[in-house]
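In the two complexes below, chain A is the common chain; its partner is chain B in one and chain C in the other.
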Partner chain A sequence: MQNQKKLKTVSYAKWGYLFILPFFLSYAIFSLIPLADTIRNSFYEYYAFGLKTVGPNWTGLSNYISLLSSDLPKYAWNTFVMWILGFVPQIVVALVLASWFTDARLKIRGKQFFKVVIYLPNLIMASAFAMLFFALFSNAGPINNILLNMGVIGEAIRFMESTLGARTLVGLMNFLMWFGNTTIMLMAAIMGINPSIFEAAELDGCTHLQKFFKITLPQIKPLLTYTLITSLIGGLQMFDVPQILTGGKGAPDRTTMTLIMYLNKHLQAKNYGIAGALSVFLFIISAILCWFVFKMNTDPDPDGSKSAAKRAKKGGNA
Partner chain B sequence: MKRRIWYAALMAAMILGLLSGCGSSPGGSDVVPGVEGKILNIYVWNDEFQGKFNANYPEIDHLSNDKSVTFLKDGTEIHWVINPTQDGVYQQKLDEALLKQDRVSADERVDMYLVEADYALKYIDPEANVAMPISQLGITDADIANQYRYTLDAMRTADGEIRGLSYQATPGMLVYRRSIAKAVLGTDDPETVAAAVSDWDKFYETAERMKDAGYYMYSGRADTYRVYSNNVSSPWVKNDKTVVVDPNMMRWVERSLEDTRSGINHNVPGQWIDEWNKDMGPDSKVFCFFLPAWGLDVCIKPNVTDTAAAQDWASCPSPQSFFWGGTWLVAAQGSDNPEHVKDIMLKMTADRDILRSLAVNNGEMSNDQPLMEELAQSPDFGIELLGGQNYLGVLSEVAANIDLSNISSYDQGCVEEFQNTFGDYFNGKISLEKAKANFEMSITERYPWLVGGGVEWP
Partner chain C sequence: MQEKRSHGREILAHVVLIILAFLCLFFFYILIINATRSHAQLQLGFSALPGSSLVTNFKNVINDPAIPILRGVLNSLIVSGCCAAIVTYFSALTAYGIYAYDFRLKKAAFTFIMAILVMPTQVTALGFLRLITNMGMDDSLLPLIIPSIASPAVFYFMHSYMQSSLPKDLIEAARIDGSMEFSTFNRIVLPIMKPAIAVQAIFTFVGSWNNYFIPALVITSKNKQTLPIMIATLRGADYMNFDMGKIYMMITIAIVPIIIIYLLLSKFIVEGVTLGGVKE
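Let's turn to the complex of A and B:
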């Protein structure tokens, strides 16, 4: 009897809990508590006044209200525009490259080499990359010098002082940094497609374009959506590239000021109240986007049996 | 059971170890009066003072390879902590360090820091209590009798105490290119050029001639900024609540817009940037710069050394007098090395040999009025960069009349935001109304307590 009882209580689960404990503890200390603190701060008037500190004084929702009456939508729009400027060429180029690299008939040589080269810009720190572009495209920089010497332009183009110029540069940098990463992801997706589908299509006289639009694209659609959403979340956090390129000013006329740059402005002034409220806004938007990713990754009907059953039931009723 | 406790203890130790990195041993008790600490931390925003100190301070034994530590003969180590001024980074880092002064160990404390006129008042405020009065260090009026009055008055607070000493006087002058002066005005003689820029009307007459000859009068809007902002009638912020824009600042806006559009300036968007440096270089078409004495060594010299323009400069009085900058040495409250700090402050700001060396070797206008007056008369004293010209005569009168009564702790923020927001206006990107609105927004982001206080435009 006693023996039996002992057998029942042997549980290996506790070791599992023990092993994952450090993660949960450090998550709580470094992420969860700061998160709760941020939310708490957002309801207070709390900032540094020179070397003194004002607050925290409870002010309810006033931080949120003052943020909503600020230029916040404009900064969200800036962020979106600069993200689109980078994302569209990124996905197009990545799709083209991925389908070339995976095409069994093209037999591109040095594939491995190109894969490394296109991934390289992602290895450079974004801020260093932005510094490089800042120097290249400055009014007296090499790009202007080359164009002037070739006689293409009469006087230096002031890239950073025009909205189009500054936004395009940010988009260009984001594109260069991320297209390699996307290419490699899409390649993995394309290689996951059953090759016999391509073979069958070829036997039927399918052209390259048809193969791409009718087979490749529909097959990798889930991964494309995934790329879109993750890139959107990444884009929402766009900071270092425009920050360094414009010296934190979001010049000209704040048209390259992103949401996180705006957050950083308040953090520099040690204005924890407003910064907290802004973070909560960002948190909500990110949470909604993450929900979409989660939805996609947890397909409730992976093999189509449920919908098949539904259809069968419907048929039965009719 | 025993084992379980053992594991729990181990885990707790691990997590404690993780956390303890952030904490530190409480200070306070480890300062023994009369016994100096071994490490002296000095906060600076560039290596200018560090270089001048390393070249002149007599007690130096040697430097570390990367120059970040200066070893003194008595074994004390001076640790230099450098953070850039731009965007208020220096102030942020300094604030953080000063606010935890009584919580860190004696060796980690800030012992001395440097401040600029643009924000000095924030730190010498007796209420903030982060700067030690020099009387507390044992520095007497007799020690600093030769210093320019204004450098002391600027650091004198309501309680009558002085909390900072400077090694320089920073009156401004017009530094021009001799070759362009010869080409356009026919002579590079400082007296003749001075007459051609003696007031703003003459200045702009000359500017038109420069423009017609294919040159730019000056580099960009930021260059003339100080000349206007030093001649205002009230400080930037009233009662820590309302921003007051002086009529003179709007004159700067009007004039800069016109100069940028008509090509009188080179439309360089700021200072301390690549383009500004190139404008000082040998291949530039920019005629003049508004600089104090330190600008010769810090701004122009690095851009022209070993080029054709290395001696192509001369100076004359600016159309309107101004000053720019000024670096004060401040002893941090809570320092564990007051004796060393006192000695450094006295040697660097009141030792005649060192001040003479700064004037001769660095083209600095040193903070020793009798010495400067003596050098101004001396035919042997001349600056190589200026083709041997003795510029001190140009500056003496300006230095005697510098008035710092309108500086405020908001100056750095206002300088940066005002120039930024109106830059878009000068480039024709936004209207004047939009520029004003942008300035109001930027200034309240930077100083949250000004929200609701409003901005008064002239």
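Let's turn to the complex of A and C:
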């Protein structure tokens, strides 16, 4: 019997390889080879100068050194600031909404309507959304017009000409595009909490706030961490919105220039050496974040409850 | 007391939700209103009521030879449609290969895909561009479609869905009935996977429809541009000399099809966000 099973496994194995072949072939050709080529280019002096191309000449780490002495730290900081401006309101609002939507005692009319509406911006073309914001928030645009007519402001606000204004607009768009998605993910996590925990807390006279901070938050901590990491990866890739909003310039004074906008600039200019070094830099950060995601997705005991139970049992036995 | 507090919470919740819903819809409301007004009307200031230039704006947009928007819609439809089909089919095929068969590299293959699950494509863009140029595929729609055969996130979704909804006995039963492995996948597994495929097809379509970074680097000629690239050209130098009615109309053409699809399938999509892929 066992022999037979073994035979069967051997004879079907080739189908497994065959079925996963297209994926791995495609990934090798369109991602692994380009990755190797990107890393290789980062060690060469290789750039376009007018119509001429300089290089490729081996230069070791000089691309990395010149990159670190460029405005790269500034662009990394810009990216981080604009990510935070979107992420903090996103996670706070999503937590509040998710706990309201899942609270059986709270009667919300039109729950389905609200869910549909808050998720909507997530599906909107980011570049078109940014173009729309550019038109709406321009100096003579509708937003200034409405605020002037309502008497809220005395003169038009030059949103795109101040660092705070431009960064806040990017943050606002990121918030609008992602808070609905996060709300729905958190809702699923909260609904996965054993309801008897909440019931017991209610019997003990817990208030809503106590239930939220003492039960909901600790219970969904793994998903919150997961959301944080995936959002960081998304933030690292921030491009469409600031690129279109500022016309690729990162105005004012390159304070909204993100890392990928900088990469895009070098790719467009065919500065392969510097673009390569920048890509390697981004690859290393991404790989670290990927490792966290990998750990969380493959961890059989994500919230530590199993190991805690084991420890408790051990303690009991001893 | 308890009753009263709950009432206050209810009011608060509704107020907050209405403000957020307003924020989400307001910008699109202005967009659609402004797409119906002429450049001259728009210069006069904002009005909450629609104008009468919807058709004129539309005609101006589709007759503009500088930005062939209908061609852009067609290109975007081709890329997004093909991607949706390829991504779902090959992701399901890969997931089935790993789910249903035992082979030596099975665990390694799964671990590898999980490790690259959220790796951004931007980090290999340089090598990718050089590769497709060497392959003679630059300035073509193909490099926007073919690489999507390897989509780790969709694979993961399909694999999770199979674990919950595809009993292995069924595959065994099909074998006993003499079904060949490949036709078992096509005729038995795919129909069972329909809900997962539908959800992922929609998300892939939308993602591909909105994709800007790589297409903007790959495509150089005007008649191969997808919609996001065309929208980006609006932001170019002579923005100030542009007919604003046309700008709003072009943005409308780029995003309204997605809004309509979404509103038709909203319940299904909102549920699909968490189907299978959720960590608890």
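The working rule: the second predicted complex is superposed on the first by the 286 of 318 C-alpha atoms of A that agree within 3 Å, B and C clash if a C-alpha of one lies under 4 Å from a C-alpha of the other, contacts with A are read in each partner's own complex, and residues count from 1 in each chain.
Convention: contacts are C-beta pairs under 8 Å (C-beta built on N, C-alpha and C of every residue); 3 or more make two chains touch, one makes a residue touch a chain.
This structure is a prediction, so every number in the text was calculated from the model and none was measured.
Once chain A of one complex is fitted onto chain A of the other, the partner contacts of A:223 are limited to chain C, with no touch recorded for chain B. Touch criterion met: A:161 reaches chain B, while chain C stays clear of it. Shared-chain residue A:43: touches no atom of chain B or chain C. In the superposed model, A:254 lies in contact with chain B only, and not with chain C. With both structures placed on the common chain, the touch criterion links A:274 to chain B but leaves chain C unconnected. Between chain B and chain C, more residues of chain A are touched by C. In the superposition on chain A, contact is made by A:116 with chain C only, not with chain B.
Of the two partner chains placed around the shared chain by superposition, neither chain B nor chain C is touched by A:64. Contact with chain C, but none with chain B, is seen for A:136 once the two complexes are overlaid on the shared chain. On chain A, the surface touched by chain B in one complex and the surface touched by chain C in the other have residues 18, 22, 25-26, 29, 135, 247, 268 in common.
Chain A meets chain B in the complex at residues 18, 21-22, 25-26, 29, 47-52, 54, 66, 70-71, 135, 138-141, 158, 160-163, 247-249, 251-254, 265-266, 268-271, 274. Across the interface of their complex, chain A is touched by residues 7, 11, 14-15, 18-19, 86-88, 92, 95, 98-99, 122-123, 125, 128, 130, 268-269, 273-275, 278, 409, 420, 423-424, 427, 429-430, 434, 438, 441, 445-449, 451 of chain B. For chain A in complex with chain C, the residues that touch the partner chain are 9, 12-20, 22-27, 29-31, 33-38, 41, 93, 96-97, 100, 105-109, 112-121, 123-129, 131-136, 142, 145-146, 149, 176, 179-181, 184-185, 187-189, 192, 208, 222-223, 226, 230, 233, 236-237, 239-240, 243-244, 247, 260, 263-264, 267-268, 272, 275-276, 279, 282-283, 286-287, 289-291, 293-294, 296-298, 302. On the chain C side of its complex with chain A, the touching residues are 6, 9-10, 13-14, 16-17, 20-21, 23-25, 27, 30-31, 34, 45-46, 90-91, 93-94, 96-98, 100-106, 109, 111, 113-131, 143, 146-147, 149-150, 155-156, 181-182, 185, 206, 209-210, 212-213, 216-217, 227-228, 231-232, 234-236, 244, 247-248, 251, 254-255, 258-259, 262-263, 266-267, 269-270, 273-274, 278-280.
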